[in-house]
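Look at the two complexes coming up: chain A is in both, with chain B in one and chain C in the other.
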Partner chain A sequence: MATSAMLRKFFKNYYFRRTLKAVASIFVVTTLTFFLIRLMPGNPLDIYVNSQMQSLGVSREEAEAMASSIFQVDLKRPVLLQYTDYVTGLLHGDFGLSIVSARTPVSALILRFLPWTMFVVSVSLILSFTLGILIGTLMAYKRNTWVDYVFTTFSSIMTAIPDFMVATLIIVYFGVQWKVFSVTGVRGSLSPGMVAGFNAKFFIDAFYHAALPIITLVVCNVGNWMLQMRGSTMATLGEDYVMVAKARGLSEARITTGYVGRNAILPLFTTLALSIGGMFGGSVLIETVFTYNGIGMKLASSLGARDYPVMQAIFIIITTATVSANLFADFLYGWLDPRIRTEGR
Partner chain B sequence: MADTVLEVRDLSLEYRSRRGPVKALRNVSFDLYKGETLALIGESGCGKSTMGFALIRLTPGTAKITNGNVTFVDGPNRINLMEMSENEIRRFRWTDMAMMLQAALNAYNPLIRIQDHFIDTAKAHGLNNKSEIIARARRLLTGVQLDADRVLPAYPHELSGGMRQRVLLALGLLMQPKIIILDEPTTALDILTQRSIIELLRKLKDEFNFTMIFISHDLSLAAELADRVATMYAGQIVELTDVFSAFEKPRHPYTFGLTRAVPTLHGAVEKLESIPGSPPDLVFMPSGCKFHPRCPFATDKCKEVEPKLTAYGGHQVACHNWQQVLEESQKAR
Partner chain C sequence: MSYIRDLGSGLLGSLRIMSRNKVGFAGLIITMTILLVSLLAPQFIDLKMTADIEKIYQGPSAEHWLGTDYQGRDIFKQLLLGGTEVIYVAFLAGLLGTVIGVGLGSLAAVLGGWVDTIATAAAELVITIPQYPLLLVLAGFIRLNSPAGLAVIIAAVGWGGLMLTIRSQVLSLKERDYVQAARALGLPVWHLLLKEIIPNMMSYILTSLVMRMTNAIYGMVGLIFLGVVPIAQNNWGVMYSLANRQGAIFGVNSAWYILAPIFTIALFQFGLINMNRSLEELFNPRLRRGE
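== the complex of A and B ==
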């Protein structure tokens, strides 16, 4: 009796239910993408055969024979069966093998490329969020002065320009025209011969190669954070409790951080969570422009080759990043805002 | 005459607006006596709340104090608020003069506990001993008839409206201010809660001996709590007198009108009258007496010359025809 009551309580638990929903959405997206990518015109075999025929000048039969000896996946197998195979593998933590890079497990590819993307995305997110919060607060406090006008104009422009444009412009002007950096030197995620290790040399090199994607992402995203924080802070400044805090004689510093800042930041956390997923997806273009070896670039190349398992795995990662960021934001929000906390119980 | 604790002289305040300066306070002068309760009454938008802010040199939004002095008298010391530095005035607020805002319901930072509001306040005024602050808060909360154990660790949203108002009173008494300004202390509360807050205010006043200004549009509240009543109209005090005279022998047509707009227990229902028209635009004000477009006693003189607040044996009034008003008000009784 007691155990069933406990079980019932457990299933009614907000956190448990919220997590369950998150897992369900990841599963649904996985299923949808599995079928969607197979609906794209062309398949890995055709693309491989065509490229072999063109580059080696062999006949179609020869090329197909070569392909079948390399490709281990039976693409003629019914899609539904392929799907059940895939899901079974997935449940065992097996992402399958890459079709194009024969005999390479997808998980190995992911492990090779994902850390770089995570590095770039997290650094630029933290940078742009922090900068945006600080400048946005400043804008709200200095509203209707030149400080506000300058930053508002800047952020409107930066929010309007697509990030790959900024990336291209950086390469064209800073790299090619003014030669601020060597275009070939910054390619990739590490310089040739650099070994990963816990030393300053490695970190400096990693940052050197990640700098351009990070700068691009920060420049393109900071404007959005600034405007949001400006609006949110201005709304909070009009709240009665801020006026009461002033009447209570609290110091300006305490009011700005503990009363205005804390309340103004709250609504931005939801957007922050959403943008994590968005930035993973958006890294495709940025990484391609800068030839940065992250999953974004890997996704672009596996899309071209119709490397289903690799694409599938990357989609799962992007989905998981988005969904778990949202989940995290919900839990964090409950922890930050006592009003939500009691409702969630 | 009792000792003065606050002298207000020619206090003027303007809000900036697109249409031009909004003159929310125009040369307001009055004395506040030690231990008294002064009620500031008037319609919405007449500058009552702005006055409360201006008295602690707090200017909401685009407001700016353009003229005048507020002098706080503490024994032999006379302190001009307008000459204080930012830090001095910050310290002055709440320790010497606590202004409690209209919106007690929304007076708390929703993200921190009630006890942190007490700690924040005390720390801002140089008290750092946490356990001493909590002990003091506990005593005050018990004084306003709240369960301190339940209230202190609670978040603002977990308290009812009446509880929040009581907590604000306790918070206001934390630094034992000499003057307390209450802006609409009972608005947004139900009638029973209003009653208990009024009784509580009386009790606290006996206990802590503070001087009180309360701002309200509720005349019955003024009649019940105040020693003196100041009527405000168009950013000025138009009548200032003891509570009995204000209600029984009003000399300003506006005060007269206000008292007739409130139902009394013994008065007949049809005697209720409202004041025609609406409060004046504070950007483009009428010439002469600002009340003349709504005034049944208005003469040509009223349209040209603005009357000054003048004392007639302790009864201050700003009206050219106050004698007629007094006569009329006596007939109406």
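== the complex of A and C ==
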């Protein structure tokens, strides 16, 4: 009896149920995208055959013979069986083989491209969030002064221009017309011949190539964080506990950080978690503009070639990143704000 | 006749309220100008789509205000003509997404039970699937030159968040006294929704429609740029994508070709976003009194 009561309590636990839901939604999205991707018109074989016919000028029969020696996957197998195979593989941590890059495990491709996107996304997220919070607080304290107006105008202009167009503008003005950087030099995620290693040369080169995508993302996202922080701070400033803190004669600095800032940041954490998935997904466009070898550009190219397993793996990774970020935000929120924790019980 | 006069004075009154917020009114004027020009231009201008090799990538001149493109065609005329399709897709996608989000959200909240469970689960699923990659995959299903199809897929990936917000708003609104009174009178569900609940959310719905339109423009132009939707018609997105492909960024004169669509799209989005402020004041009298 004691164990069953404990088990029941365990299953009713908020954290357990929330985690279970997260795992379930990753599974559902994987299943849905699996069939959706394979339902797309055009298949990898045809696309490969057509491109061979065009580029080499061979006949269809020759191209098909060439393709059959390279392609290992039996695309004529019933989709449902392909699905069960795939899920079994996944459960063993196997993402399968790429169709187009023959005999290359998808996991190897992912390991090659994912770190670059993660690097860019995480650095720009941290930078824009921190900057946004600092400027947003400043705006709330200096509301209706020129400081406030300048930053409000900035953010409403930046939300108007799509981020990949900002990327193009940076190339046109800073790269081509004012020659601040070399347009061909910054392409890719590393300079040719650069070997990955734990040394200063490598880090400087990596930052040099990642700088433009990071600048673009920060410039485009910081406005959003500023406005949210401004609103949230202004709402907090009206709270009773802030007035009490003032009446107690606490220093202005302590009120700003300990009383206003801490509470004003809370609602922004949920948005932060939600924006991680969006940034990964949006990296397709920015990476294509800068020809940065990340997972976004890989998604675009594997989509063009209908390389199902690679597309599938990228979907799973972005979904997992989004879902676990949300999960983490929920738990963090409960920890930061005790009012949430007790509500679920 | 008096009906028309009422409508006229109503419109004037709305304009007066909207003009109180300067930035918002500027947004309204920008948006309306671009809309009007884009709708009327095809009636008056016809673009010579034939290449003119002697005029490739000319800078701005009296004859060609914004210069010419890689085939010697006038860029300014292309801008005037290229808005119709972008606006059409943005509006259709925004409208569809809003209708799905508001419809499902309010039905789920009012009906409850299994409708609520299914609709909420669907919305959470749509939020979880990575939006832009999903859009890329769905774009593969679109047939040649189908702006409406493009609008449908853009709407299909982006209604989840709105549905959840509307659902929670309706859950709170339906407990209000006036809704309870209407329900006690035995009025049908559609009456409760259309006459009592939704009018109270109008300001939120309209501003979210406009935000959805800007998202749709982002999605559309991005898809065209990546070359995954087969759209051949001349429009701002196609101009941007062609200019990229033709290497227009690398020359001083040719840069006009890529800058023109970027700044036009940015101006239109800027107009839409700022127009929202005036719309909010128009539909939310509480904001007005606060000024």
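By definition in this document, the second predicted complex is superposed on the first by the 343 of 345 C-alpha atoms of A that agree within 3 Å, B and C clash if a C-alpha of one lies under 4 Å from a C-alpha of the other, contacts with A are read in each partner's own complex, and residues count from 1 in each chain.
Please note the rule applied: a contact is a pair of C-beta atoms (placed from the backbone, for glycine too) under 8 Å apart; a residue touches a chain by one contact, two chains touch by 3 or more.
Note that this is a predicted model, so its numbers are computed, not measured.
Placing chain B and chain C on a common chain A by superposition gives a fit, with no clash between them. When the two complexes are overlaid on their common chain A, residue A:Gly258 makes contact with chain B while staying clear of chain C.
Looking at the shared chain after the overlay, A:Leu36 reaches chain C, while chain B stays out of its contact range. When the two structures are aligned on the shared chain, A:Leu285 is found in touch with chain C, with no touch to chain B. If you count the residues of chain A touched by chain B and by chain C, you find the higher number for C. When the shared chain is aligned, chain C comes close enough to touch A:Thr168, but chain B does not. By the document's definition of touching, of the two partners only chain B reaches A:Glu239; chain C does not. By the touch criterion defined above, A:Leu111 lies against neither chain B nor chain C after alignment on the C-alpha atoms of chain A. When both complexes are overlaid on chain A, the residue A:Phe315 reaches chain C alone and has no touch with chain B. Of the two partner chains placed by superposition, only chain B is touched by A:Leu336; chain C is not. In the superposition on chain A, contact is made by A:Ser156 with chain C only, not with chain B.
Nowhere in the superposition do the C-alpha atoms of chain B and chain C come closer than 8 Å. Touching chain C in their complex are the following residues of chain A: 25, 28-29, 32-33, 36-37, 39-42, 156-157, 159-162, 164-165, 168-169, 171-172, 175-177, 183, 277-278, 280-282, 284-285, 288-289, 299-300, 303-304, 311, 314-315, 318-319, 322-323.
Those residues of chain B lying in contact with chain A across their complex are 56, 58, 60, 90-95, 98-103, 106-112, 120-121, 124-125, 155, 157-158, 171. Of all residues in chain C, only 124-125, 128-134, 136-138, 140-141, 214, 217-218, 221-222, 225-228, 240, 244, 249-252, 255, 258-259, 262, 265-267, 269-270, 273-274 touch chain A in the complex they form. Residues 239-241, 243-251, 254, 258-259, 262-263, 266, 336-339, 342 of chain A are the ones that touch chain B when the two sit in their complex.
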